[in-house]
Amino acid sequence: MKPLVSIIMGSTSDLPVMKKAADFLNDMEVPFEINALSAHRTPEAVEEFAGNAESRGIKVIIAAAGMAAHLPGVIASMTKIPVIGVPINASLDGLDALLAIVQMPPGIPVATVGIDGAMNAGILAVQMISLGDAKLAERLADFKAGLKKKIVKANEELKEVKYPFKTN
Amino acid sequence: MKPLVSIIMGSTSDLPVMKKAADFLNDMEVPFEINALSAHRTPEAVEEFAGNAESRGIKVIIAAAGMAAHLPGVIASMTKIPVIGVPINASLDGLDALLAIVQMPPGIPVATVGIDGAMNAGILAVQMISLGDAKLAERLADFKAGLKKKIVKANEELKEVKYPFKTN
Amino acid sequence: MKPLVSIIMGSTSDLPVMKKAADFLNDMEVPFEINALSAHRTPEAVEEFAGNAESRGIKVIIAAAGMAAHLPGVIASMTKIPVIGVPINASLDGLDALLAIVQMPPGIPVATVGIDGAMNAGILAVQMISLGDAKLAERLADFKAGLKKKIVKANEELKEVKYPFKTN
Amino acid sequence: MKPLVSIIMGSTSDLPVMKKAADFLNDMEVPFEINALSAHRTPEAVEEFAGNAESRGIKVIIAAAGMAAHLPGVIASMTKIPVIGVPINASLDGLDALLAIVQMPPGIPVATVGIDGAMNAGILAVQMISLGDAKLAERLADFKAGLKKKIVKANEELKEVKYPFKTN
Amino acid sequence: MKPLVSIIMGSTSDLPVMKKAADFLNDMEVPFEINALSAHRTPEAVEEFAGNAESRGIKVIIAAAGMAAHLPGVIASMTKIPVIGVPINASLDGLDALLAIVQMPPGIPVATVGIDGAMNAGILAVQMISLGDAKLAERLADFKAGLKKKIVKANEELKEVKYPFKTN
Amino acid sequence: MKPLVSIIMGSTSDLPVMKKAADFLNDMEVPFEINALSAHRTPEAVEEFAGNAESRGIKVIIAAAGMAAHLPGVIASMTKIPVIGVPINASLDGLDALLAIVQMPPGIPVATVGIDGAMNAGILAVQMISLGDAKLAERLADFKAGLKKKIVKANEELKEVKYPFKTN
Amino acid sequence: MKPLVSIIMGSTSDLPVMKKAADFLNDMEVPFEINALSAHRTPEAVEEFAGNAESRGIKVIIAAAGMAAHLPGVIASMTKIPVIGVPINASLDGLDALLAIVQMPPGIPVATVGIDGAMNAGILAVQMISLGDAKLAERLADFKAGLKKKIVKANEELKEVKYPFKTN
Amino acid sequence: MKPLVSIIMGSTSDLPVMKKAADFLNDMEVPFEINALSAHRTPEAVEEFAGNAESRGIKVIIAAAGMAAHLPGVIASMTKIPVIGVPINASLDGLDALLAIVQMPPGIPVATVGIDGAMNAGILAVQMISLGDAKLAERLADFKAGLKKKIVKANEELKEVKYPFKTN
C-alpha cells in the first residue's frame, strides 16, 4: 500500500492538531504517511522530500507550520502536486502563520485552510484525489451527507431547553 | 402561541452564549423558538427556514455564528424580515466572525451586535417588535429604566471602599 | 408628512457616504429627515433629539460616526426605538469606528452595518418598518427581487470576455 | 469543448483581478467558463450552479468575493469538488475577505489563496486537474521551469546598477 | 476635605484594575472620590456629574471603560477640566476600548493611558495637579526618584543568577 | 514672554500635522515654543531639554512621533510635568506609533491623543494650564461653546439637501 | 573573563523568557553579563551603560522589553555596537512590543527577533561574534548541525503513530 | 575587491526600497553585491548562494521580501553568517511580510528591521562588520555623529515658523 497523501509537520507538538487530518484520511481509507520536516532545520531533507513526492505516488501534501510558517510554501516551490497549508496557532492567535502561508507570491500557490484547520485539510486532500477516484468520491459523498446529522442532533438537544415563552 | 423571534445557531456549543438572548425574550414575554441550522451543513434546511419564516409569523431572526460566520448573511439574503447577527468568539478573539457578519455587501444588511453580544441581540429584537406592540414597548421601557439599578448598586459597593484620602 | 426615519451624522463630510441611505429611503417612499448632531459638541441637542424622537413618530434612527464613534451608542442609550449605526472610515480603515459602535455593553444595542455601509442601513430601517406596513413590505420585496438584475447584467458582460479556451 | 474549471465572481468589478486566473487557464489550454453569481443576491442560482457543476464535468471551482465573502464557502457546502477561494480587497486591505473565506468550520474546506491572488488560484486549479492529466502536468512543469526566468532577467537588470563599491 | 480627583467606572468589575489609581492618589495624599457612572445606563447622571465636577472643586477626572468605551469621551464633552481615559481589557485584548477612547474627534480630547493602565492614570492626574501645588510636586518628585529602586532590586536578584560564563 | 507649552517633534515633516497644536495655543494666547528633538539622534539634547523644561517655566510638553515612537515616553521619564503624546501616521496607519506611545509601563504615563490628533493635544495642554489660570479657563469655555457652531452650520447645509420624501 | 554580550531587561519578570538567551550563550562558552535597566526609570544608568559598553569590550547587546518597548531603541541610539531587541509579550499578544522595537526610524536600527524570541537573540549574537572568532564559529556550526536532531527524533515518534491506512 | 555584504531581493520592483541599503554601504566604502533570488522560484540557486556565501567572504546577508516573505528565513537556515531581513510593503501595509520574517522558530534567527527599512539594514550590516574593522568603525562613528545635523537643520527651519505667541 503506497501513500497518496503526505502529512508533514515541523514538530510532534503539532500532532494533536494534525491528528484530525490523519483521522479523516484513515476514515476515508486513503493511504497516507506522516513525517516531520523543517524548512529551516532540515532544508536538504525538505528538498529531497519535495523532489521525490510525485514520483513516489504522492498526490497531495498537507503541510502544517506555525509562526513564520515557511514549510508549506517552500515545499510548494519544489513540486507541482498541490500543497495544502495548515496554519498552526503558536503565537498571535495564529495570524502570523496564516499570513505567512496564504500570502504566497504569484506562481507558487498554497491551498490554505483555517487556523488549526487540520480536518479541513484532510477533506480538501480527499476532494482533490476524488477527482480521479470514483469509489473515494462515493465515500466523500457519504461523509458530506453525514454532516447534517450533527445539526439534527443539535436540534434534538435544543428541544430540551425549556422556557415558558419558548414555543418549540 | 406562535413564535415571533427565531434564534438559530450552528451548534449547541453556542448555547451558553445565546442563552442570554433567550432569557431576555422570555423575560419580555415574547414567544420565541430556538433551532440549530448551518449555512454549510444543511443549506436546504436554511433555505426552507428562511423562506417560511415570515409566513410562519416570525418578525425577527437572531442568528449566531463563529469563524467564517456565514449563517446570518445567508439567511438575510433569503428573507425580508430583519436578521440580527451575533458574532461568536471561536477563534481570533471573534474578530473573524465579526467581520464575516458585519461587512455585508450593499443590498443585504445584517444588524450586527458585539462579539458574543447575545443579550443585546435579544433587546434589539424586542426594540423592533415594540414598534408595533404598545404593551411590549412598556415592558421594554421598564427594562431600560431598570438598567440604572446596576449603577446604583455599584455606587453602594464603591462606598464601601475605604481609603484615608477617599472622600465618599 | 411626518418623518419615520431620522438620519443623523456628525458633519456634512459624512454626507457623500450617508446619501445612499437617503436615496434608498426616498426610493422606498419612506419619509425621513437628515440632521447633524454630535455626541461631543452638542450633547444637549443629542439628548433632546433622542428623548423626543419616538414621540415625534420616528420609528428608526440611523446614526453615522467615524473614529471613536460615540454618536450611535449615546443615542441608543436615550431612546427605546432601534438605532442603526454606520461606521465611517475616517482613520484606520474604519476599524476604530466599527469597534466603537458594535462593541456596546449589555443593555444598549446598536444595530451595526458594515464600514461606510449606508445603503444597508437604509434597507435595514425599511425592513424594520415593514414589519407593520404591508405596502412598504411589498416595495421591499420588489427591491429584493431586483437585486438579481445586477447579476444578470454582470453575466451578460462576462459573456463578452473572449478567450480561446473560454467555453461560455 | 466542455469547461473543466468554473470561475465565479459576484460582480464584474472583480474581473480585473480575476482575469489573471482566466489568463493562466487559457495559457495552460484548460477549458473554463466565467460566471457571475452572488451568495446573497441569487442564492437559488448558486444552489443550482453548485448542484450541477460536478455532473457538467467541472473539476474545480474558483470563487472570488470581497468583504464578508460568503460565496466560496456557500458553494463549497453544496458540492464535493474542490473550491478555491480568492479574497478580493474591497475594504480593510482585504483582511475581512481573507478571514471570511479561510476560517471555514470543520467539514467544509475552501482552498484559500492570498488576497487578490487570482493567478495562484488558476495555478492551483491546474495542479489539481494535472493529478489525472499527464499532458497538462507537462505544461505545468514547463510553467514552473519558466518561473526562474524572471529571476534571471532581474539579475541582468541588477547588473546594470552601478556603485563604486558594488562588486557585481 | 474636598476631592480633587474623581475616579469613575461603569461597573465594580473594573475596581480591581482601577484600584491602582486610587492607591496612588492615596499615597500622594490627594483627596479623591470613586463613583460608578455609565454613559449608556445613566446618561442624565453622567451629565449632572460632568456639569458640576469643576464647581465642586474637581481638578481632574479619571474615567475607565471597556469595549465600545464611551464614558471618557462623553464626560470630556461636558466639562473643560482634563479627562484621563483608561481602556479596560474586556474583549479583543482591550484594543476596542483603546481605539474607542483615544480616537476622539478634533475638539474634545481624552488623555489616554495604556490598556488597564490605572496607575499611570493616577500619576498623570497628580502631574496635572502638581502644576499648581508645590508640596504635591515634591511628593511626586520623591515618587519618581523611587522608581529606580525597583531596578536596583532587580539587579540584585539578577546577580544571584549563576552561569559558568556569566561574568557578573 | 516665556513659553508655557513646548511642542517638540522629530522632523519638520511632522509640522503640517503639528501646526494644529500651535494654531490652537496661539488662538488661546498661550505662549509656546516649537523645537525639533529626537530620542534617537540627539539623546543628550532630549535629556537637557527634559531636565530644564520645568525650571524654564514650561507647564506641559507636547511630543509628536511616528513609527516606533519613543520621544514622548523618553521625555516623560525625565520630567515630572505632564507630557502629551501625538502618534504620527508614518506607517501602518499610525497604529505602531499609537501603541509605542500609549502602552507605557507603570510609573511613566504619557497622555496620548488620537493618531495625528495635534489639535486635541493643544486643547488638552490648555485644559491642564487652565486649572490654575482663570482667564485662560474663560477663553477655553468660549472655545468649547463655539464647538456647537460647526453643527449648526452643518444643519443649515443639510437643510439644502432635497428629496421628495425628505421632511426637513 | 570579560563579557562579550550584555543581556539587559527592564524587570526580573522578563527573566523566564530571557533565560534562553543566557542558556545559549553559556552553551557556546561566550562570556556574558545580565543587568536590569529601564529606559524610563533609570535613563542615566541606560546612558552610562550604553556609552561604556563598547569600551568595556561588549560586542553585542541583547535588550528585552514589553509594551511600549523603548529600551532596545534607546540603547541603540547611544552606541554603535549592534543591539538585538526581544519583544516581550506583556499585552496585546506582544504586538505592541514588536512594533515599538522593530519600526525604528532611519539611522538607528535594532536587530529584532520574534516575540519572546530570546533563544534566537542569543544565536544572533553568537553569529555576529563568530564573524571574527573561528573557534566560536565552529561551535556554532555544531549547533546548527544539531538542529536536525530534533526532526530526526520527531520522525521516530511519528513512526509510533499507528493507523490502518498509515503507511510509515 | 571582494564583497562583504550581499543584498538579495526577489524582484527588481524591490530595488527602489533596497537602494537605500546599497547607498549606505557605498557611503561607508563597504564592498557589496546585489542579486535577485527567490525562495520559491529558484530554490536551488538560493541553496547554492547560501551555501557558498561564507566561503566567498560574505560577512552579512541583507534579504528583502514581501507578502509571505520566506527568503530571509530560508537563507538563514542555510548559513551561519547573520541574515538581516527587510519586510517589503506589498500588501496589508507590510504587516504580513514583517510577521513572516520576524516570527522565526527557535534556532534560526533573522535580524529584522522595520517595514521598508532598507537603510537601517545597511547600517546594521556595517555595525556587525565594524566589530572587527576599526577603520569602518570610525566611519560609522562619523555617521552616527552626523545624525544630529538633521535635527539641527530642522530646528533652524522651525525658527522660521512665526506666531504672535511663539517664543522661539
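For clarity, chains are labelled A, B, C, D, E, F, G and H in written order, and residue numbers in each chain start from 1.
Operating definition for what follows: a residue touches a chain if its C-beta (ideal position, glycine included) is under 8 Å from a C-beta of that chain, and two chains touch if they have at least 3 such contacts.
Because the structure is a prediction, the values reported are computed rather than measured.
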Chains touching both chain D and chain H, listed by label: A
Touch-network distance, chain A to chain G, counted in steps: 1
Contact-richer chain pair (by C-beta pairs counted) among A-B and B-D: B-D
Chain E-chain G separation of Cα centroids, rounded to whole Å: 34
Chain centre separation (chain A, chain E; CA means) in Å: 48
Chain A and chain C: spacing of chain centres that average the CA atoms, whole Å: 41
For chain B, residues that touch 2 or more chains besides their own: 10, 38, 40-41, 67-68, 91-93, 95, 102-104, 107-108, 114-115, 147
Chain pairs in mutual contact under the definition given at the outset: A-B, A-D, A-G, A-H, B-C, B-D, B-E, C-D, C-E, C-F, D-H, E-F, E-G, F-G, F-H, G-H
Chain D to chain H touching residues, read off their complex: 93-95, 114-116, 147-148, 150-151, 154-155, 157-158, 161, 163-168
Chain C partner contacts - residues on chain B that touch it in the complex: 20, 59-60, 80-82, 84, 98, 102-104, 106-115, 117, 119-121, 123-124, 127-132, 137, 140-141, 144, 147
Residues on chain H engaged by chain A in the complex (per definition of touch): 10, 38-41, 43, 47, 66-70, 73-74, 76-78, 91-92, 95-96, 99-105, 107-108
Chain B to chain A touching residues, read off their complex: 1-3, 9-12, 15, 22, 25-26, 29-38, 40-42, 45, 67-68, 91-93
